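Across the two complexes that follow, chain A remains constant while its partner is chain B and subsequently chain C.
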Partner chain A sequence: MNMSYFLRRHWLTLAFLTGCVVLLAGGASLIGDRLMERVTINLCINIVLVMGLQVFMGNSGILSFAHIGFMGVGAYSAALFTIPSQMKNMALPELYPVLAGLSLDPLLAILVGGLIAAVIAALVSYPLMRLSDAAAVITSFALLVVLHTVMLHWSEVTNGPRTLFGLPKYTGLLLAASAAVLAIWVGMIFKESRIGLLLRASRSDEIAAAAIGSNIPQMRWMAFILGAFLAGIGGGLWGHFITSFAPKAFFLKETFVILGMLIIGGPRTVSGAVMGTLIVTGTFEGLRTVENGLNRAELFSGQVIGLTEIVLALAMIAVLILRPGGLFPAREIGTLITLRAKGKRMNSSV
Partner chain B sequence: MTTVIQFLIDVLSLGGAYALMALGLVIVYGILRLVNFAYGELIMIAGYVLYLMSGSGLPWLVMAFMGVLAAIATGIATDYIAFRPVRAKSVTAVLITSFAFSTLLQNAALLLVSPRPRPIPLPDLFSTTVEFLGVVTPARNLITILAAFILLSLFLFVMRYTIIGLAMRAAATNFRMARMLGVPANLVISSAFAISGLLAGVASLLWLGRIGSVVPGVGLEPLLIAFIATVLGGMRSLEGAVLGGFLLAFIDTGLNYLLPQDLLKFRDAFTFSFVILVLLWRPQGLIKGPASGDRT
Partner chain C sequence: MTTASLDVQTLSVQFSGLMALDQLSLRLAEGEILGLIGPNGSGKTTCVNAITGQVPIARGQISLKGQSLSGLTPREIALAGVMRSFQIVRLFDDLSVQENVEISTLVRGTRRLEAHKKSRSLLEMFGLWDRAEDLAGDLSYGQKRRVEIARALIANPHFLLLDEPAAGMNEQESADLMTLLSDLPKAYGLGLLIIDHDMHLITQLCHRVHVIASGQTIAEGSAAEVIQDPAVISAYLGTAPGEGDKRGA
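The block that comes next holds the complex of A and B.
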């Protein structure tokens, strides 16, 4: 790919999205409010995760449920390298002795977690990439269940269904924001690369794309691996932010949230993925405040839970009915801004 | 000998429930080529209706009837909310709306009832054991076999000998052609969802009868079971779904009898890996359905 052409064509989109993340992170660190900081870190990690899903789903057009599973793989793998060895006896009492001595710098460990997720994705997914439509979705769902079952029961490495604790708190605002920006750039570059272009062609018409000689399963495979890598990184970052988690964090609920962000924003564009994450995370935090307020006021006899998911579900259904491509269905935000500016100029010259 | 009979009763009763679940999923898939992710919630809804009516003092059969009715109503609601508005758009869109609808129902149960398990009323018959051919077995196993047998026969009769059954089979074979010949598409699809709800409702009674209580997430396991069974047996074929259900019950029960305890907990991972392999080997499942037509 011609990098200078890429930059010339997409500098505005990249600048806008990077600017959004930098502004939010900068604002949060200037204000210095702890809650605000937590929300922003969470948001940045979500951007990494949503970009992981977008790389595969947006370009290939195939719905994948498995990505949150790879987030879990990344989180658990990174944890193996960063839990201090004196803690490991308690956190992972059944750990294989070979793994007990492992120790890495957290940043490296998160990268290794992403790599392990990518390797596992590469091994298991190649045959699945021939499938399309419903068969592809069901197998990816099956893959999520397999990964979840393994996390739930491989007590030697994951502490079973119990909470794994003892991870150092490493992910800060700077790291999360840098990772989000990098993920955005990676997603954008992949989308405009040769593989991304061919994949998008196969999304529009699988037969025509195959006829002009693109090896579709292989392209999908590469996108899937890249997506799993990003998901694994996201998992590692999240693990070192939240510092203790259980396998149920990487299952259907999280899948639904991440998928909702991508669908509402628009899976086909990077701008859609990022904006969807911003909007949904913002709404979620607002609703959570409402939920907590309602619970504190004790207006109802029981606890108010599940409200946020209901709103997200309704929003997803509404978006898919009214605007099936999401908020940014086809064009990146930079293109939209340029087009609007051009349109104004043309109007004023008339 | 008694072990064999015991094993057979276990397989048939589990397989009966599985077959009903799988059939309910595949009847919609056969016509629309779309997986209904909200299928498990039909089972949940029937359970919650039973729970809510437990204090009413009505006879159990009436409560059970209301539960099944609620499942049918929810099935039809799924069609109207999650499927009909996006049916003509992409496959992915419908999968996501049905997934969203499933989350919606689950969280509604979470919000309106409780995240904790709620007991459901069951007749005494469900908890008694009987001796059958020299084997002591819970009566509910025999009830399950009987109920599954009756419902499957009824289903077969409807599909073979009634007009709506004929229309549904026609729509499953070639939807566009059936429409051109005057089969009303919306009616066929809604009936498929209603039948799906009926099967899920009855399966719910049998399934929850084993567990005895209902939680918001109770639908996940039946959904997974229905998935595996249909994928094994054939996504497009009704006979395949029934076969898949019994085959899965056979595998599950067999693994229960054979696998050592520390591998048993990975049973789901084994069965799901098996599903992936079957899909790779035969993407259509064991029994191939009618040739595919376009869906609209």
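The block that comes next holds the complex of A and C.
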């Protein structure tokens, strides 16, 4: 890819989205409020995860449920390298001796976690990439179930259904924000790359894409691997932020949230992925405060639980009915700003 | 026989019992414009679909410059140098007009900047440069047709198969397209196969015309020859002039 050509075309989108992350992270750091800092770190990790999904789903048009499974692979893999040796005896009592001595710097471990997720994705996904529509969605769901079942029952490596603990708290605001910005750039570069363009063409019309000579399964495969890599990185970051987790963290609930962020924002654009994450995370935190307030006020006989999920579900339904392509369905935010400015200039010159 | 040709030999295509193409043979040389005409349902589009690998062939042989294309995927056939347009235009609606065109050369390994330059010159040639940044889905039908042809052309194909390229165009657009198409074989050294119902376009543009009905060849030759062929007249009108009288006699 010609980088100067790419930057000339997309500098405004990249500047805007990078600016959003930097402003939020900078603001949280300056204010120094712990809750705000936690929310911002979570938001940045979510951007990494949503970008991973966008790379595949947004460009190929194929809904993938497997994504969160690769987040789990990344989280568990990275944990194997960062849980201190003494702690491993307690956290992973059945761990294979050959893995007991593994140790890496957390940053390197998170990267290795991403790579392991990518390698597993490469090995298992190629036959699935020939499928489209419902068949592709169902097989991706099956893949999520396989990954979840392995995490649930491979006690030697994951501690089974029990919580894995002992990860060092490594993911801070700077690391999470840097990863989010990098993920945005990677997503944008991929979207505008030759592979990204061919993939987007196949999303639009598979028959026409084949008729111009595009190798659709191979393009999808590459996007799937990159998406799994980002998901693995996101998992590693999250694991080293939360420091203890169980396999249930990488299943349907998380899938639904990440999918909701992408669908509401607009899966086809990087701007949609980022803005969707910002909006949903912001709404979630707002609703959580409302939920807590309602519970403290004891307005109802029981506890108010699940308000956030219900609102997210309703928001997804509303977006799919009223604006099926999401808030940013086709154009990146930079292009929209440029077009609007051009339109204003033309109007004023008439 | 020169080898620079696209040869279809005794091609048969069957759709669950219906013989859509029955032992059809035709040949298209580089630099030539061949018209493929016939009544509705005669098998013209099926012929293009079979050549480009979109439908499986039951019998027969398709070869490009002596190399068999039979059994290859649409992708492999496109990369071998046979490009097409579709009867119902198939653009990538949510890509820009320029991306729609440059994508065909990117798939062949051209660098992005080079693809950008090539697509620009083609879009200028087709009078669409001012719409380059627009989404392809926002174009008029006639403009979409031109983008589809530009998308095929940028791949430098040996043979270009156009399925009703003038459909949906007004008279002026159709005339402009005709001028454009007539120059292509010389400018690009390609063979052009055109399916169309517009007999004016076919007679003005094509060096040879191949007529099929019910999946079989009923006539071939120059445009002037085939339009006088009784079998062709019969296929289009039901009976050839005078034939009914003879039968009645």
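As a convention for this text, the second predicted complex is superposed on the first by the 350 of 350 C-alpha atoms of A that agree within 3 Å, B and C clash if a C-alpha of one lies under 4 Å from a C-alpha of the other, contacts with A are read in each partner's own complex, and residues count from 1 in each chain.
Assume a contact is a pair of C-beta atoms (placed from the backbone, for glycine too) under 8 Å apart; a residue touches a chain by one contact, two chains touch by 3 or more.
The structure displayed is predicted, hence computed values, not measured ones.
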Determine, for the superposed arrangement built on chain A, whether chain B and chain C clash or fit.
fit
Who does A:146 touch here: chain B (first), chain C (second), both, or neither?
first
By the touch definition at the top of the document, which applies to A:197: first (chain B), second (chain C), both, or neither?
second
Counting residues of chain A touched by each partner, does chain B or chain C come out ahead?
B
Output check: A:207 vs chain B and chain C. Expected answer is one of first, second, both, neither. What do you get?
second
With the two complexes superposed on chain A, say which partner A:12 touches: chain B (first), chain C (second), both, or neither.
neither
Chain C, chain A and chain B - angle at the middle CA centre, rounded to the nearest 10 degrees
80
Using the superposition on chain A described above, determine whether A:268 touches chain B (first), chain C (second), both, or neither.
second
Is A:102 in contact with chain B, with chain C, with both, or with neither (first, second, both, neither)?
neither
After superposing the two complexes, find the smallest distance in angstrom between C-alpha atoms of chain B and C-alpha atoms of chain C.
11
For chain A, give the residues common to its interface with chain B and its interface with chain C.
none
Interface with chain B, chain A side, in the complex: residues 61-63, 127-128, 130-131, 133-135, 137-139, 141-143, 145-146, 149-150, 153, 252, 256, 259-260, 263, 302, 304-307, 309-310, 312-314, 316-317, 320-321, 324
Chain C contact footprint on chain A (complex, rising order)
1-2, 5-6, 194, 197-198, 200-201, 203-205, 207-216, 268, 330
Touch list for chain C against partner chain A, complex:
52, 54, 73-75, 78-79, 83-84, 86, 90-95, 99-100, 103-104, 106-108, 111-113, 116, 135, 151-152, 155
Under the stated contact criterion, what part of chain B meets chain A in this complex?
29, 33-35, 81-82, 85-86, 89-93, 95-97, 99-101, 103-104, 106-108, 110-111, 114-115, 220, 224, 227, 231, 235, 265-266, 268-269, 272-273, 275-276, 279-280, 283
